[in-house]
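Sharing a structure with you now.
Should a chain be cited, it is by its letter among A, B, C and D, assigned in written order, with residues numbered from 1 in that chain.
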């Protein structure tokens, strides 16, 4: 098992604990990750303000071309925002020969080319379909028995093609959590947008969206929310104080990456490998019982 | 009495100049997008009605409508649209088109997005400290500092949890560029020239 | 045929435990059936072997007392030469009556009566001898109309080996297909306009040795019957044909009628979709920068054509594509009520949108069209914009007008006119005639009129969902847009199917059996003319116009036109019309064979004359489902309730039967009677019976008509119970015992 | 006379094709997958626009089959292979075991003896049926079936012991046979589109959210409620019924084509509700109402009922609430209003997927991208495998297919 890793800008910043835990988990599972050399930003959701659609596709085409140059293995893009930008370009490249030609014209400016065929995968996809629940169960050393988790996928994690899971009612993370021994609570906001794209700019609206999600998780009895997108993690977590101010609530809900929980269950170190000490709403009181 | 005549010039303008603008041709006015959008309550029209306005030639209503810049790219509408219309791409395209016309549907988003893109264009990546800092400063020095203080607690928290690099000011220390930045810049220039509406 | 009777009684399925078989054997014997053989399971290989041995020994008239005739049909069929009559001891005896000792006597009488009824029937019926035309039946098929349906019908029949005459009134084949520039997308990926393919089609027709084409001709007269039509053409030729396909197509709804609503006629640039097609074919689409199509121009409008013309949406999409393909810059609007692109043609809608056609939903009101120096403005509601809008600077406005069938409208006088006093009947008949069209396509030399009967909107179709091809004139099939609005692809299929129906009609005429719905039936009505009083009832009432009249009003039956329903038999006051295996005398005798207990026994007897297609299976179903009803009921299956002759009512009442129920199909606009008006006729006839009953000093309550079909299964026990109460309240038939 | 014509599918188009060919004098083998003929129409309560029961026409057709020695019917049978060319095919047919032979009198004793139940496919799983059962009250052939789940066990033995006629054959292995035919008519019909694939409708989340085919069974006398329209969740009479049009159809993510019949089916089902429940309100949520040709009259009739409302909106979300009702969300595209509407019974107008999209014909046959059969010589599509269509068009198509088959076998 050999994949290329596209960390994306967020995993180098606010989502650093995602990167640390992804690397720990894949190492534990014996999966090799090689970072795409000299990758560039995917453009994310806000690209359109400064760049055209084609420019954004060019950004992603460059990463695909680099990946192909490096061996063309499947790319893992842990950040859902990167994932969706990249998979969109990859898909449309295959479907639309005119676009493919245009992109190659553009890539030529940097002495690059792309012939198609590289697959873009999400962390959840690879864990569920390639590694498989069985191997994950085997790797669990400290089952998260009794831990009540709300599985929050976020909007972009399974969209827009539904390649590896349902776009409206995904189940992969639920099953992964269950494989870790955790209890997945009823939660109907699993793919509801958290508004991270307008985090800085439309605070009130964003607060309402975040509040809806936190409220539903709390109502379901969740001790924490598990996610697989750094945008969601950041938005749901660091925004809680704002939400509480605006909506007069008292949320104190830890937001952790599924890979952090997995690392913990695999017996990795709470801080160094699971990077749980990097969570601002501390999950310590909930998770320390499972720590190695 | 008809409130206004249908005018084909605007829709043709959209087809030609707006990224993914031709997508709206396929809309059959079913209404699913309008109800699917998580921000529907913040919108005056919603996608379907905007398409309808474009068809009718209602340029002012569309270009001056802040709906076109609210989209968070959640893809819920794209996933459900029975005609497969790339609603998000059109919305982004419209917002971008408005900006190019000097119309700013949403000031804050525009400012933030501009800083964001500039960072990519200059360095190839986003510096998650630099971008918000620069964005906050777009409010002007006094407001900027005030806003920055507002966000200070968050920044401090991120910093202390090893999720943010330390910066004293925007660009200090400067963000690292990718190695292939020169090639990337050329690519972006080329892509701009090939984009609808002949961008420069 | 010399009949050798044999009777078999089945003890299976609980019959054995419920009935006294010694008694039944006695009844069979008394009824002339000889010694009845009982078996534990008559349908088992052993039981069947028992019967087969007797058949081999010469038995040829078999009474089988077992389950309903609707089941185990294959098992209890012993070849065409052996008459079989089934007495329903299971469904109509054991299943539907209370079990146990207390009810045993009544149940036994019920079973015994069914044996008597069946024995009587067996004695009264003969093996049918198929009708043979004087000349050998003609197998050629006449196709009227050389449009897409006619051409395809002709070709389909010819390819199956039939000789075909194709008559077209114009001087060229093709009909509307010949006026079309292109067809809309018909095949995957449903995005490209297609050639009409007319040249190839006409070439195939003209090159087929089985097809003879008569262009510039109409049908002056159609005489005769299936297997033997003589058709005179306007050009003077006379043809003999076995069956006819009318594929005369459609006429555009007259646009002049839309002058008020849609300004038709006010400018040469407000045109219909037919005119648009002509312009496209002539290559005259230059200089169009803005065009609006207005859908439902006359269609879906109570003041014009209340129905949807089915093709106009796709025609406008196609024509919008013409405009777009001639000038991609042109602004093209389709102003619609609902876009109707069924099936795969949804992709055509998408394709038109891709090409830039703008769709505006207009609501119920017509748009307003105004002329501004040769450029038009269309003002319309724009529903999805929630506004009223104007579309200006239009070069051309196309009205998507609908289609009317090329078939004369026929309005029939109400059935109550039958047997009414002369003046009133004449008035109703004249009124109906005044509402009917006077022109004709086929000029049928039929006593009931020269045209195919129509229901709504002059469509001569059958009104049957399950049997769409049946017109009410046997051997004449409507195909294509004359039958209902349809697209070209559907008309091709329709024509192909109609060709098969026509081939079947000639086959049936040659072999002497009936077509749908009694397909294969070799019986036919025979007239004992010496006693005919020329009352015209049979010629008027036949739902299929099978009987002509001579100048003295003698009926002239045409057995190959006949569907074997027996309506004529029911109509005849002199009871001179009989089938070999179905007659007034036979049913009368069956009724009389029922044993009527003395009045003081307080065991009333009620007969149910039941339609064998709907009511009888419904009764079986109810019985199977466990419904119970009075053991005083005796069901008699009929081909159609329209065959009920009033004499049976008299027979029944005079033999002491207390009440008579008639179970027929649903009547009215959505009738289900497969003989069109049998149920309705029975109702009309019964409504006139109270007078007779009064004369006999009998309560009219004793006779009732009920609509019973598959939808009324659960109501059967209730209807029977309620009727039994009525009978109880009016008391026993005073004629009992006389 | 000539070679036989093989007809695959005993629904409306298949039965029509078989009968029309046989009545023109040709030998026909009719292969049907179910244990009975009649296909989907047998499961309908009424036809539009006449609101007449399908069994009226089926009864005539079955009678025609009974009276016609040229038709051989094989039920519980499927075609597994086709070899040869137009005019000379060898078709492999596999018949599943019925475990009941032709000695069965449909007396019902086996059904009484057996205790095991299975989900009733005829009622689309709305109820359970004994594992020894008559497929439905009008089944043709009129013969019981034993569910394979009990054939090898003690319940099967109970059925066998109960039958006085030796009709239960637990050793039944089914059969494999080869049919020689000059032409094959493929009339395999359709399957209701799987409603659960339209995830935002949450089919399965509430018993009061049903499909249009289930609604037919709810209204049918032989259905799970004996024809009483009630909420499957609690048996209560619904007061506010909604029909969701295009639940999968006209949707590039699901069935990109229009299923043609669903508008009329919902109009018809609205009449079921209104006829039974005078107080009930019906709302039909639609994109376009497609009541083609003379069916428009039926639309006009239903529209005249003021308790039937039409709202132009494709519903974007259906969610059950605590009251057991369903909340629909949509945008009324006529007013622009975004609404939430609560209904106590919701019917999804799911469309028709051609069975050839799910199971291909085991021979070289062309399809369009949706799986509909394209015109071909020798193997002739008929009915809803060619395009979505209403009953009378299927009959028409079946009849046309019969002639195309005859053209191939005539004179051979």
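We take it that a contact is a pair of C-beta atoms (placed from the backbone, for glycine too) under 8 Å apart; a residue touches a chain by one contact, two chains touch by 3 or more.
Given the structure is predicted, the values throughout are model-derived calculations rather than measurements.
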item: Any chain in contact with subunit A as well as subunit D; value: B
item: Central chain of the complex, centres being mean CA coordinates; value: D
item: Longest centre-to-centre distance from subunit A, chain (CA-based); value: C
item: Result of counting contacting C-beta pairs for B-C and A-B, higher pair; value: A-B
item: Separation of subunit A from subunit B, taking each centre as the mean of its C-alpha atoms, in whole Å; value: 22
item: Centroid spacing, where centroids are CA-atom means, of subunit A and subunit C in whole angstrom; value: 65
item: Centre-to-centre distance between subunit D and subunit B (centres being mean Cα positions), rounded to whole Å; value: 49
item: Residues of subunit B whose C-beta touches two or more other chains; value: 28-29, 48-49, 79, 83
item: Contacts with two or more other chains, residues of subunit C listed in rising order; value: 339, 361, 384
item: Multi-partner residues of subunit A (each touching 2 or more other chains); value: 167-168
item: Interchain contacts (touch definition) - all pairs; value: A-B, A-D, B-C, B-D, C-D
item: Touching residues on subunit C, where the partner in the complex is subunit D; value: 12-14, 40-41, 43-45, 67, 70-75, 156-157, 159-161, 187-190, 300, 302, 306-310, 338-347, 361, 383-384, 386, 456-457, 459, 463-469, 484-486, 490, 493-494, 496-501, 503-504, 507-508, 515, 517, 519-520, 613-614, 617, 621, 624-625, 665-666, 670, 672, 674, 709-711, 713-714
item: Subunit B residues within the subunit D interface of the complex; value: 28-32, 34-36, 40, 45-46, 48-49, 79-84
item: Residues on subunit D engaged by subunit B in the complex (per definition of touch); value: 200, 246, 250-254, 287, 312-317, 329-333, 336, 338
item: In the complex with subunit C, residue positions of subunit B that touch it; value: 1-6, 8, 11, 15, 25-29, 48-49, 52-53, 55-56, 83
item: Interface residues, subunit B side, partner subunit A - complex; value: 19-20, 38-39, 42, 70-76, 78-79, 89, 92-93, 95-96, 99, 106, 108-114, 116-121, 124-129, 132, 135, 153-154, 157-158, 161-165, 178-180, 182-184, 186-192, 194-196, 199
